[in-house]
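Each structure below is given as structure tokens.
In what comes next, subunit A is part of two complexes: it sits with subunit B in the first one and with subunit C in the second one.
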Partner chain A sequence: MMLTIYINGTGCISPQETAAGGPLLANLREYEQVKLATVDPDYKQWIDVKQIRRMSRVVKMGVGAANLSLQAAGITQPDAIVTGTAYGCLDDTGVFLTKMVNQQEEMLTPTAFIQSTHNTVGGQIALLLGCNGYNNTFVHRGFSFENALLDTVMMLREGSAQNILVGGLDELTPHSYQILSRFGLYKKEPVKTMELLKSPTRGTIAGEGAAFFTLGTQPEQHTVAELTGISTLYKPMWEGEVIGHIMKFLEDNNCTPNDIDLLVTGRNGDIDQDDIYEEVVEALFPEHPEASFKHLCGEYPTAAGFGMWLANSILADQAVPDVAMFYGKAPRSIKKILLYNHHQGTHHSLILLSHVE
Partner chain B sequence: MADLKKQIIEQLNLQEVTPESISNDEPLFKEGLGLDSIDALELIVLLQQHYNIRIANPEQGPEIFYSIRSMAEFIVAQQTAKA
Partner chain C sequence: MSEKVWIAGGGVISGIGLNLRECLQAFREMKPGMGAMKYLSSVHRNTFPVAEVKADNDMLADMAGLPENISRTALLSLIAAREAWQSSGLDDISRYRVGLVSGNTVGGMDKTEDFFAEYLADNRKGRLHQVMHHECGSITEIVADALGIRHHVSTISTACSSGANALMYGYRLIRNNIVDVVIAGGTDALTRFTLNGFNTLMILDQQPCRPFDETRTGLNLGEGAGYVVLVSDSLAAQLQPWCRLSGFANANDAYHQTASSPDGTGNYLAMKGALDMSGLQPQQIGYINLHGTGTGNNDVSEGIAINRIFAPHFPAMSSTKSFTGHTLGASGGIEAVLSAVSVKEGIIYPNARFEHQMKELPFTPATAWSEGNDLRHVMSNSFGFGGNCSSLVFSSF
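Right, the complex of A and B next:
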């Protein structure tokens, strides 16, 4: 019998007011722009002013989301910390490289350099908690969060930890936005939040955020969901491969498309990128209610973390906020949610959550 | 010394600290502002960038960076020697 993995606490800092608590997405932040920034809570509630001065935004949002997750779980010390980030601490990387160029590689200060590595966030969380346990960061582009999650699941199942803090995060900086825009990733014109997913043009909106989860092998009193399964698929040749992968994934987790009460997809409003969601829905979930999330948080390689946070919150509320609903009406009882996301058409992932009664 | 305090606040990104709140004579490290070894490197770069002063003998560091006053006196002494 496979060990059940419970989501005992979540924390999310995103372009929505997700760190503030209260009813799920009740105060929608509506944007009409192509890049979204996080709504930042007061980080000084978790970080001493003497330490905060060296932290860039992504470090602060990671530490903040991690603390929210641990607080929700009622845990002060996890057995391990696992993070996933595609871009790492980009802002400090930009600061350091700019200084290298401008100052002809002389008189370089150490702070930006030592804060610019991908595992800075995981390290800072551990330092603040005094956590000497396993600490690992996965930097696998669009699978960074998923592989952090997979590592966590494997560790919990092999019994080497009882509670693990795991999260995915990425920041958007002026440098990264400029570079990624050159690849045609983003729309040329601003789009309204609630119109993005019906947008008839190429490109999406850029986003950022941090989502952390405290996973454990024992449920807490407030636990509402279990992480039933996770799977990734890299560079499928055609949509049939994705459809087959989803069927196999559901089968491996002892269910069929009929058992899925809500589909949560990573649609991002790019007509080219969203095609595959249409194909999957048509083939497997033609009448299923569907929710989406990237119009709320923007596109970034670890956005599936926001999707998983949303799915867990939906299971807690047993309702889908109107602003997240894409198609149909959610059933009264939501027992299983399948999150299907892809990043850039190359990194496809599936996360299955089940309601804990 | 007021300019030096502003430069230190900016270079070290000190939060909730104003030039007026920094005493001329209190220790910069451990006590006082509570600076650490990374800050020491930042202060060495500050001296190079703003005053074109290089610290030839690293062992002088604790003495030079003891307080705002000791830093200011070191800067003045170096500038006078160059003039």
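Right, the complex of A and C next:
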């Protein structure tokens, strides 16, 4: 008998006002630009002012989202902390690299280097919580968050932890935006938030954010969702392989496409990249209502974290905000949500959430 | 479900050899790998000795069968991962569900730092192929793609414990029936970024490092890659596994971003947790492959934690970093391979240049190579920045 894994608390810092609480996406932040930045909460509620000044944005958003998630779960000390970040601490990496080049490797100071390591966020959360438990950081591109989630699920199932804090986050910096733009990832012209997913051109918009979850083997009073399944698919040869993988995933979790009440997809407005969502929908979910999220948070390798946060919030409300709806009408009762995301066509992931009555 | 997880093989490339056999020979002959920088270009060339892999990128690319403009981190990784696979006795990789779990700390930084000089002068300049594989995960994918691994790919970056954590995650992937085989370990090439970073922390020794010696003043950086092949029970039954991964633990020191707590809390929790998982008493451990970087801080914290667990029956111990230098993300992988061989062949590795006992500790490391010892259980320690502490235990059958 598989243990049930509950989502007991979530925290999200994103280009939307997700850290503030209140009705889901009620105050939509609309943008007309090619890169989105997080709407920052007041970090002083969790971090000492002196420390805030030394922390890069990604560390702050990680600590913030982690705290929001623990608070929501009513837990002060998790048994383990698992972090997923594809890019790690880009800002501090850029600072140290720039000084190293400009100063010809002389007269450098340690702060940026110390904070440049990919496990800085996980380490800082542990430090601030005084958490001596298991601590791991996954840094695998579009699977960083998913692998962190899988590690968490495996540990909860083996019983080595009861409550685990797990999250995915990435920051966008001027350097990373500049370089990724040169790879042709983003739109050439600004696009309006609510028009992105219908955009007829190549490229998407850059985003960033942090989403953390407190997962446990026992539900709390307010728990609305269980994490039923998680799976990744690396470099599928063709769309048929994706469709087959989704079918197998649903089967492994004892359901069929008919059991899925809402599909949440990682459409990002790039006509080339959104093609596969069309294929999957047509093959498996032709009449299913579909919600999307990357027009709200932008594209980044751990954006599935935002998607999972949104799916959990939808299960809590039993309603989908209009701004997230992509196709059809959400059913009156939402029991199962399948999140299907891919990053750059190479990293596909599936996350299945079920409503807890 | 597989009850146990076995080590079916291993591969290493490091400053003391281009494969496992050469590395073992270097220990046997007491030939450490540190010396003047030859392949890394840095203004600190004549200041800090490093343990470089003794081959330029052209030669490594030839060995790996990859283009020579690929990050050195990926070249090292593929060479060691392929050696590991070949040593396992598993033949055609496409016959199995295989995962690659690899640790590294700076991904393709060796190329990014070259790119940055041109880019900073004009942000439209710099050759993009140099940053194509900047991400840590990209390095793992070059190797997975070259070996034909598709079922699971993952990259872990917990500083100096990355490689050790890769083994833990690999163990869980097998136990959870997600794959049947995992190539797990780590890789890192020397870069100016890390060299200068460690220099700002003032923990680089200008002489060959002296781990667990009273006169130690810091570490030497090294580079390389090391991977073990983890297999399930059913596969192990068809092979001749070296030993099994019987226990592990990962704990966080939660003390400081870069320094270890004076009493080695995280180190203690990692070692204790690994012993508990393997169901062993401390006196059953025959050899500890120490983290042993040679910094004042690490060795005293690690030593105090060892004293707390093992006193008065200390196993043989040594820091193989006295030969390979500190290979950061690779070290947990390289030392896992060395520890697995240690169980298989009863090897106790020498700790080079040890002369003076540390005043805080009642024990000293082994200084001579010996083999054929009766070692049933061997522990490998990996501790790192961010408070990340991991210990692994390898056991004979």
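Here is the rule we use: the second predicted complex is superposed on the first by the 357 of 357 C-alpha atoms of A that agree within 3 Å, B and C clash if a C-alpha of one lies under 4 Å from a C-alpha of the other, contacts with A are read in each partner's own complex, and residues count from 1 in each chain.
The definition used in the following text is that a residue touches a chain if its C-beta (ideal position, glycine included) is under 8 Å from a C-beta of that chain, and two chains touch if they have at least 3 such contacts.
Note that this is a predicted model, so its numbers are computed, not measured.
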### Query
Should the pairing of subunit B and subunit C on subunit A count as a clash or a fit in the superposition?
fit
### subunit C versus subunit B, contacts on subunit A by residue
C
### Task
For A:349, decide between first (touching subunit B), second (touching subunit C), both and neither.
neither
### Message
With both complexes overlaid on chain A, does A:273 touch subunit B (first), subunit C (second), both or neither?
### Response
neither
## Note on the structure
With subunit A at the apex, the angle to the CA centres of subunit B and subunit C, rounded to a multiple of 10 degrees, reads 60
### Message
Looking at A:313 after the superposition, I want to know if it touches subunit B, subunit C, both of them or none. Which is it: first, second, both, neither?
### Response
neither
### Query
Which partner does A:228 contact after superposing on A: first (subunit B), second (subunit C), both, neither?
neither
#### Entry: subunit B versus subunit C as contact partner of A:126, first or second or both or neither
second
### Query
Which partner does A:102 contact after superposing on A: first (subunit B), second (subunit C), both, neither?
second
### Task
Based on the superposed arrangement, let me know which partner A:53 touches: subunit B (first), subunit C (second), both, or neither?
first
### Task
Would you give the minimum C-alpha distance from subunit B to subunit C, in Å, for the three-chain superposition?
8
### Task
Name the residues of subunit A shared by its contacts with subunit B and its contacts with subunit C.
108-110, 114
### Message
Under the stated contact criterion, what part of subunit C meets subunit A in this complex?
### Response
42-44, 105, 107, 112-113, 116-117, 119-120, 123-124, 128, 131, 135-138, 140-141, 144-145, 150-159, 165, 168-169, 172-173, 175-176, 178, 192-193, 196-197, 199-201, 249-258, 265-266, 269, 384-388
### Query
Given the complex with subunit B, which residues does subunit A contribute to the contact?
49-50, 52-54, 107-111, 114
### Query
What residues on subunit A touch subunit C, complex-wise?
81, 86-88, 93, 96-98, 100-102, 104-106, 108-110, 113-120, 122-124, 126-127, 129-141, 143-144, 147, 150-151, 154-155, 157-158, 178-179, 182-183, 232, 234-235
### Query
Taking the complex as given, what residues does subunit B use to touch subunit A?
11-16, 34, 38, 41-42, 45, 48-49
